[in-house]
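Chain IDs A, B, C, D, E and F follow the sequence of writing; residue 1 opens each chain.
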């Protein structure tokens, strides 16, 4: 999967026209809900926003443009369930309060009417007990959505992390 | 490798006089984690005097490829020089001090032109020309303006450097660890690096790879897996400050699924593979080999050929940078390679399902050391048999680090210092 | 008012569908204007964006989930006017330049057509004279709007601050 | 051009109503694309988003409210081309990874149907090789768009930087 | 409490030789705000030698409830132990140093299991077991592996700890301040905490609670309120380094509304309560009581029963963390409680309508101390009568702090040091 | 200005014993960029002992206008006092230390009232009154409570201050640089300031203005422009530690367009002005004048009347704040003024098309100095003729700085120190 940032980009066609406004609002709401559920630590609800076979993975920019070594790659609900179990207590790391700011969402119609791609910028802050709020991570979400029974879900989310020097604690949901 | 070597005699050990009533070789003075003067001594007496891993040859395939590394505060260029051999020199211009190679990785087949005033250096760091040199008259001949070469050597494709030109040869330094390094990285390629900040003294991270006693407590999944299991494994001082911890896949494969159900209150059907630990298999041993002072190898002897190494380097008395380099076999199939690229780091790095807890352990010790005056000594007394090896949960591996540490640090460790 | 973050959340129904797009645009514009007027130090204009009996209060996340101890709670225009007077000079603290980034706005229809609830993420930077721009605060706005005479206004804004270790200066408008 | 922040503001009329939703979506997409192309270092493509005679300039807030001394002012494609050449290699400064978060976009109809003004908040992070992601700059975009042949472009972008103490490296595209 | 105690005799005072021509007890050497060596001495000679407030019993209602506090860099666990009594011990594992309790608040009814290698400690910090202990042979018996207990005592529900086991008993230490503490927190519950960073030396914050002379200048609203008023109030050295400042509600209630109109150019109708200072009332006295070295109580003697305390602890020579704990009466009505939860902090914390200016005052002094070499001495000379009390704007309260400060700091304050 | 002054005799030069075999006056000991002890000595022996630029009179037009500056850690108020003359005094309240003027710029026609306890000072910093003074008895008469005045002087509208009252008169200090300062700022107004952080020792920035040898290597555009050109220019030690570098517009105006086409692969039509360097013109000389220790003037002698100055002040051993002040002629036309406001900074500041590379040069040296132990000495040997001036690329300008630097630093530079 070696690629460079541009290939993860969206075709430079006039993006917004390609997806109707109702789809745009529904998918924006889905992206916002994924961020909120992560910040509210409702991990099991967060998992439901993904399709059965969905893929959720993360990679640092350095490795995206080198040989594609990922931080992790969860494929399917079982793998997501494992990450959720780790977040809910198999990690013995005290959970901190995160905040996901997502903006600059650009949509692109997928191959079928029930498939849409989007890229967006995220900036995540983290506040540990009794510490200041700090800038935790920044980067891009490269998402693919699929609509099943009128309900949009994440089919694929790749988190591209800008930093190649991660903070001391990076187990929070990205 | 004779197994009968009595650990350093207690009495004349710099930590002989400790509060735990133990032999000086079985305790740690917690001052070494918090005292800036100790860190300064470690930089000069350890980091600048030992072989330091900086690159794998597979990261420098083309002529002119270079990587810059930072050892004891010095920036070093490691490059595939014009004869195709590896060269290493201090990344500093002899004119007025600018670094010659400004990127962590790059390609400079024709050597380096310092961007500040244009002085030229070849791929070995040799000074070749200063533009408009007439203004120096003959004075450029009065001294060498070469960027000082850095002693380097290669072992099984791994490039090591030493700031001390008199350091013993690499193979001798690696000693008993050599053959494993050959086996685990000899036919391999580096697949990428991930770095993160450690919130604690650098030794806390390297100690973690000398400690096979912590996993079933620090990592809930491993704890569940070892429930009611007679734990197999070997813990060994390889001498020279190196150590090896090896243990087979063991434990109760369903334990993790049960633990996950207890924690989440949900049971997830579907392929169990994702959340089952590997089935017990005495032939496959997981190896954690620690090379003095700050290098760790993790591989399986199952011929799987994948694995990773980690280095830790201090950026302050209570901060360090850990860098992990993942490996795969040079000739593995694309399927194996893709699987490796996707899963090698799953348990590792600051985001890892295992290492996430190890970073937390370093953080907790760093805070605990605030009470260093009241609780001065740490205990590394596990394993009472003479000799240099014991069971999975013994601490011959950890004591081997501190035996070597005391040799290098000498009088800097005197408690009154 | 002890509650946890989730209770301040929005029902997890498909949020966006619940409020028509014109209302969404009008309320988004109101949220953006409140941020701009705060950043432009137009405090008196900012006050006009609130209803007569409106409530504006702030709480750290630690106290939201403990016994509800608030940083402050202004009820009604007189209390807002007092805060504005403090900002305009009763505090002898040199005003710095703030910047409010508001994103992830999720709306939910209120009990009546003239009442809407929204939660959003905010990230605030602060730049004191001759100093670098720093991350000042991050958290959530829990807003309730009321429409009076066709004009939407804030009826209730609770600012939930993620950090439990506030920066040295925290008198800026949140 | 001495002015104060308020004069750069948008008239306080109910902004959103003044521009139809289709124009708003198109201009939002244009603002997002400018951010993405800058972050993907596609500088030549970024330049095409500007009209022939477009002006792109930046000023610190201190000087906006003093005598108008700008950090730089590029007028016309030749000047933009020069900045692009500098970004592509005439500066011998290693490029870092930037991320532009743009939010709080408020539009205002211009004098003609083919001219619209907008102000927005931006927050830019920068990640140098092997370093943590840091907060690089925050401030306001004051934009004017012109539509030529159905295609919106930037006719004027003024970047107002909040900080009066710039970071050590500030040559990245703002 | 005899009112006739001559302040420390001038001559042999370490600050006797100052530029202001004043008695050493009436000046401050500004070096103590900027010299890292002074901070290091303060941590060991003051913070580690005095009673330090850490919790109120109402914050530890259930068995196993614990709070962690940081005193002089040591993390301390304060828990409701198994006998229901409060226990306090150093939050550090005797094995290899990890903190046992990783959260600021939590509940551990069965004691603490160190997450790093599983060593077990009861709710008193007593070491109870190390898993797989055979590997230690008999060596665990050669020393105590208990987490060192920390001397603690409770006064009117307030839990204090001291790192110095030989510190005088709490009641004796609190001395004349005791009865007020009983009155103001004896029947109370803690309603929550708010913390913020102070950009200045820790003493600047505590001095602010020894200083009733600043309010009408630092806080515009108070200045307006006191315009043309004969100011009532008492300023008293309670000895032991503690002090009490008490003053009635006084001033001109309409002053604030006039000031607000001048500042905003608007007049706002509607209920005046919000922006009127309390009407003059000689019976109700606002009390600001400072306990050496870093604890402050603010309460009204009107039986209102609400109020707050603050502690300030240094994190660097020019940074500190201030923590405010708000109180209400245990049995107050829900209406009173709700009003208290909504308004107690309105004037307080880094966001407070009053304290906002006090944080700015610390910041301004911190910058002003850059000229310490040229302007070396501060003046705390207000109040010329002998004895230990004076009017609202006198500085017996501030001198009482520095009298005690010199006793604790001893020769560390020698100007040449 | 006699041109025949032999540089400091080699032997007794503190850097005489160096690795480059050069005269001590032609090398730099890289320790001075990294050693905190050297910075502390520089603050007291250089920054607190020299004339420091703080403002231009045009920035203080109205009565009561003030600017605060920070010199060697001391905050200083520079104000247009009540007699219309400039006053300068330490920005610190003699009561308890708060700064009197909290804003970088402001207007206080009636002097300053300290916001902490209301002490009053006039526009000269004279202490005028303390409210409720009775509480001090007569003690306020026992010492001066004036904010210490700071020696200041004005040269061509430029306000300089010195923390050392015994510093030689400003005109004498400026020496040979005076006339240029008069010419370049005598009829001018300050148009605004821009500040940025430098990631390197402060001397690296000031050295850059003593170095006319770097531009054609550090700045690709200048390199292209000078391709195959016989470079004109003069490099001169003005004595007193000041230097002047002057050179005409020269080079190949089309070079930049060619370079830009090579880099971007595009050719852009339209007005060439934007990307053409100025045409060669021997009459117009660009002047870069450096005033010891940290002030730089850049102007053209073409009567264009625009230009800028820069000061650099350390905030740490490897960080500093550079502040640029742009100038225009007082009576220039609105068109000239508008052009000046839009273009003066295009090549300057951390965002500048030229200075962007100079900030990078400081960063690269800062990293390279990590190898200070191995590569200890920098070479500033360009220009072998005796005397104090040479061609554009010689280093009389740089050596003049270090001659003065050694005079001020004295024994603090002893290598063993």
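Convention: a contact is a pair of C-beta atoms (placed from the backbone, for glycine too) under 8 Å apart; a residue touches a chain by one contact, two chains touch by 3 or more.
Just so you know, these numbers come straight off a predicted model, no measurement behind them.
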item: C-E or A-E, whichever has more C-beta pairs in contact; value: C-E
item: Chain B-chain C separation of Cα centroids, rounded to whole Å; value: 48
item: Chain centre separation (chain C, chain F; CA means) in Å; value: 45
item: Averaged-CA centre spacing for the pair chain B and chain A, given as whole angstrom; value: 32
item: Multi-chain contact sites of chain B, meaning residues that touch two or more partners; value: 102, 115, 195, 197, 218, 357, 360
item: In chain A, residues with contacts to at least two other chains; value: 21, 92, 94, 101, 103, 123, 129-130, 132, 135, 164-165, 167
item: Chains that touch, pairwise; value: A-B, A-C, A-D, A-E, B-D, B-E, B-F, C-D, C-E, C-F, D-F, E-F
item: In the complex with chain D, residue positions of chain A that touch it; value: 5-6, 9, 12, 14-17, 21, 61, 101, 103-106, 119, 121, 123, 135, 137-140, 162-165, 167
item: Residues on chain D engaged by chain B in the complex (per definition of touch); value: 92, 94, 129-130, 132
item: In the complex, chain E residues that touch chain C; value: 191-199, 218-221, 259-260, 263-264, 266, 268-275, 321, 326, 338, 341-346, 349-353, 356-357, 359-360, 363
item: Parts of chain D lying in touch with chain F, wherever the complex brings them together; value: 1, 44, 57-58, 60, 62-63, 66-74, 76-79, 81-82, 84-86, 88-94, 164-171
item: Contacting residues of chain F [partner chain C, same complex]; value: 102-104, 115, 195, 197
